[in-house]
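As structure tokens, here come the structures.
Below are two complexes that have chain A in common, paired first with chain B and then with chain C.
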Partner chain A sequence: MTRGAGTAVRVVLLVVLLLPAALIVTGSLRRLGLPAPSGLELLPADPSLSSYRDLAQRVPVGLLLRNSLVVTGIAVPLTLLVASWAGFALTQLGERQRRFALGAAITLLLVPLPMLWVARFVLYLRLGLLDTLVPLIAPALAATTPFTVLLAYRAFRRIPATQWEAARLEGASAWQTWRRIGLPQVKATTTAIAAIAFVFHWGNYLDALLYAQYEDVRTLPVGLAELIELDASDQPVVFAAAVLLALPALLGLLVVQRTLLSTTDRAAADMD
Partner chain B sequence: MTSRLAVEGLGHRHAGSGTWALRDLTLAVEPGQVLAVVGPSGSGKTTLLRLVCGLLRPTEGRVLLDGVDAAAVPPERRPVAMVFQGYALFPHLTVRDNIAFGLAVRRVPRAQRRARVDEVAATLRVDGLLDRLPVELSGGERQRVALARALVRDPRVFCLDEPLSSLDPVLRVEARRALSALLRADGRSAVYVTHDQAEATTVGDQVAVLREGQLEQVATPRELYARPATSFVARFVGTPPMSLLPAAALDVPARADVLVGVRAEDVHVGAGKPYVVREVEEHGHEQLLALDVGGIDLVARVPLVMNVRVGETVLAQVNPVRIRLYDGATGRLLP
Partner chain C sequence: MTGYRAGLRWLLLPWLLGTLLLVVGPALITAGFAFTRYDALSPPQLAGFAVFRDLWSDVEFRRALVSTLVIVALAVPLRVGGGLLLALLLHRRRRLDAATRAAAYAPSVVPDVAIALVWLWVVNPVYGPIGLITSAFGAGIGAVLLDPAGARLTVVAISVLSLGEGFLVLLAARRELPQPLYDLARTEGAGVLTEFRLVTLPLLAPVLGLLTARDLVVSLQVVMVPTLLLTNGGPLGATKTLPLLAYERGFRELELGDGAAIALLLTLLTGLVVAVQFRLLRRWNRAVAT
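Entry: the complex of A and B
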């Protein structure tokens, strides 16, 4: 492919991917009370922030935002720790135990989540944890999804085994080996796991709907979902909610993109 | 005198496959000595090192360090340092942090750590590289950093796994000399694993030849060359190795199944029986002739001035005093 054609393809891709996002942002700036636009409207004739003000009156944005931040603020680091420890531990196991553990992780990936709904509901109910934020954070104790464990394992496995042995001979404990030798060599993967965990917990609509119905513990996805019932002339409010939901994710991505796209993990594995 | 390191009846069996990687090995290394361990891949060399430094537990037998059974001593408490094949440097740490790693995890005070690293780095001429990352080093520099990391804990015994295998041939000779001196300094001892018999005989005071987990022979390089204890050692050691031929082919009076081992320098060319030259290999100041003896090669070492071509017939005879006889069935050297 020529360079010009490559650039053209990239531009097309970018437009296809970004257009919906752009329409949501511009749509949220449309003045309230006007009839819905008949076609695509790239920029409203008379932009206004009135939809955001209206949003704040309809739903307790501050409370929703606080709950969502609490959940992700705890669940994301917790996922990172559990996934990283589990992935690291897998590299330290003997061949046979490792195969068993990996098989188990992959089997768990195949279990459809709805199968767990009832069991979890009963569990949280018995523990008295229904209608608290705990059920929303709890999946992080199991690394959110076995996928994050497999990702961490694959990253750690690229580090030659002799490095673990060298560390052990020097007297490093399992903790020190993970912290000083393993973790610094898998930064890109760790960031990727953080991104996966954030996306899951920030947008965790189902768990919130099932286990956290009480007004005080609602999170953004559940709170904002109610707006679907608004009528077409209030569409800018729905768009404003969408922007509110997407904004932290975008900001987070900006912060970590450098690490995410870096080749640190690969360089480390290539050297030996 | 108690040996610095001794292994007695040492054996290790793979937990998974149940095969023995090493079996019934008894060896000793004295202070200030280097034991070179040589053998083809899969002969159990690396397993021996891992047992000595404590990364593996023996299935049977014992490892003795200065006369004390090491079974109860964890790897980090043994006075043993390991240089891994490929060096296993930590790629994300600077040379200084690589060398200081063991001191850091043992919480040695920072100032003391610094002084010790500086001292060791100077010994190994890596003091100019302390702020670099391993990727920024040449092969020879990496090797010296790995040695420095091993040396920093002041070990009594060095375990080295193919320490020169990732260096280019020119550098290898130089590194081998430097290594030889360092390993013996201050009464230290070393177990030096290599698959290269020439390297083993140059570095080792004693050379142990392993094959499929069993000891074939342990001897000084000179003894190993002059009297290989088995036909395997005879075929493995020396450049070129011994030629092994059936007794009848060389008219040696012995049982029919006896193999006769002949060093290339013990074949005299110029008199004797006629043989066809199958191959000529020039080596600087000398050449090696492969003579066809009933379909088997008898290698002779002759001066370069002798003008011989492939296909010619030359007269040759074997010095009968210098030959070794091996049992055809067991491969053992016959008295």
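Entry: the complex of A and C
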């Protein structure tokens, strides 16, 4: 393929992916009550935030946001600790234990989610945790996804084992070695894991649907999903809801982009 | 020394316990519930294989099985192939590559409720982009989500757009391939396609195999919520996949035993396909090696 064709492919890809996003953002700024535009409207003639104000009247944005922040505020640090500790330990445990744990992590990626629903429901029911925020935070106890553990393991493995040896000879405990020697060297990966955890928990609608239906524990995705029933004439409100929900997750993408999507693995390693 | 090793085990423990409590345990217990009738109010009644016999003669289940197979058969090759194409296209440091990589990954981080809200607009026949473009050519589209084929294609499209995870994995895998092999292929005069067939594909085959296996699960998972919100499994069950049916039976109709049985069948089906696939992959590997 010639270089020109390659650039053309990239431009087409960018346009196809970014144009709808731009139309959604500008569409959310269209003044409410106007008839739907008759063609593609890149920027409304008279932009306003009325759709966002209307959104705040239709759903209790304050309550939804508070619940979402509680969930992410607990689940993200929890995921980080669980994944980082496990990844760190895996680099230094015996070969057999490491193989078993890594094999398990990869096998778990192949378990369909519906396989967990009924038993989790019964578990939360028995513990009296249905209709609380706990079922939304709980996945963090299992590192949210085995992916985060694998990422942490990869990052710690890049650090020469002699550093662990040295710390151990000086009498440092495993926790101290993780905290003082390991963690400071894998900052970029730690941030990426936090971003992955945030994206999952911020958008988590399914667990709420299954285990947390009660009004007071509704999170942002649950509250905004109710807007699906809206009239088509309120399109700007639907766009505003999509923007409100997607924007923080897209900021998370920027973090992932700097490490996981960067040009070379070495770039990520240098940043660590 | 022993204290340090014990410390390491303590650090691994939270993840092991969490995984046992929330993944491994529930998976095993759900498999047990699959052989019962249970409504969460009265204790579960053991029903044995009768649950599965009933499902097999259940028209809705059979239809869901077909819908699942159709959607997976369309989505998985497009997702894995698309991810591979993007990874090979964008793995270098070139102008626009960083932006394009981010753009390709973006739909995968957007919350599924937002995706549903957006697709409501995308397929709107009057002012959605597809409707506007087609009617500019005098064609126009009908109500896409009310047409079985249109609804299925929409679900497949949503699944294909969120190929970010596979793209990420393939991107990392492609970067780890040794450059000297490519230099050698170049000096031997190999074209792009030959290079792909003889160098890239065989080296990436293990990753592609694992990704395809994972995709059998993920391609259905990423469309679950958008499908629920956009079509609710309709029209006429065209988009009611097995995960959706498991949810409906288990949590809307409170037949948790049925929900568990459908989940178990889905898992067994996935396992079967994965086993066949790995066998084929191994045979292909041996053929390449000789």
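Definition applied: the second predicted complex is superposed on the first by the 230 of 272 C-alpha atoms of A that agree within 3 Å, B and C clash if a C-alpha of one lies under 4 Å from a C-alpha of the other, contacts with A are read in each partner's own complex, and residues count from 1 in each chain.
The rule is short, and it goes like this: a residue touches a chain if its C-beta (ideal position, glycine included) is under 8 Å from a C-beta of that chain, and two chains touch if they have at least 3 such contacts.
Given the structure is predicted, the values throughout are model-derived calculations rather than measurements.
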Item to check | chain B versus chain C as contact partner of A:M115, first or second or both or neither | outcome: second
Checklist entry - Between chain B and chain C, which makes contact with more of the residues in chain A? => result C
Checklist entry - In the superposed arrangement, does A:L125 touch chain B (first), chain C (second), both or neither? => result second
Checklist entry - Between chain B (first) and chain C (second), which, if any, makes contact with A:A45: first, second, both or neither? => result neither
Next on the checklist: Looking at A:E170, would you say it contacts chain B, chain C, both, or neither? Reply first, second, both or neither.
Outcome noted: first
Checklist entry - When the two structures are overlaid on chain A, which partner does A:A5 contact: first (chain B), second (chain C), both, or neither? => result neither
Checklist entry - Taking the superposition as given, does A:T162 touch the first partner, chain B, the second, chain C, both, or neither? => result first
Checklist entry - Which holds for A:L93: it touches chain B only (first), chain C only (second), both, or neither? => result second
Next on the checklist: Taking the superposition on A as described, I'd like to know which of chain B and chain C A:I181 touches: first, second, both or neither.
Outcome noted: first
Next on the checklist: If I apply the document's touch criterion, which positions on chain A are contacted by chain B in one structure and by chain C in the other?
Outcome noted: 168, 172-173
Checklist outcome for this item: The residues of chain C that touch chain A in their complex are 1, 3-12, 14-19, 21-31, 33, 40, 86, 89-90, 92-107, 109-114, 116-118, 120-122, 124, 126-127, 129, 132, 165, 168, 171-172, 175-176, 192, 210, 213-214, 217, 220-221, 224-225, 228-230, 242-243, 246-247, 250-251, 256, 259-260, 262-264, 266-267, 270-271, 274
Item to check | Sites on chain B touched by chain A in the complex | outcome: 15-16, 53-55, 75-77, 81-82, 84-92, 101-102, 104-106, 134-135, 149, 153
Item to check | Residue ranges of chain A in contact with chain C within the complex | outcome: 1, 6-7, 9-11, 13-14, 17-18, 20-21, 23-24, 27, 36-40, 81-83, 85-86, 88-90, 92-93, 101, 104, 106, 108-123, 125, 138-143, 146-147, 149, 168, 172-175, 177-178, 199, 202-203, 205-206, 209-210, 221-222, 224-225, 227-228, 232, 235, 238-239, 241-242, 245-246, 249-250, 252-254, 256-257, 260-265
Item to check | Residue ranges of chain A touching chain B (in the complex, touch as defined) | outcome: 94-96, 160, 162-163, 165-173, 176, 180-181, 184-185, 267-268, 271-272
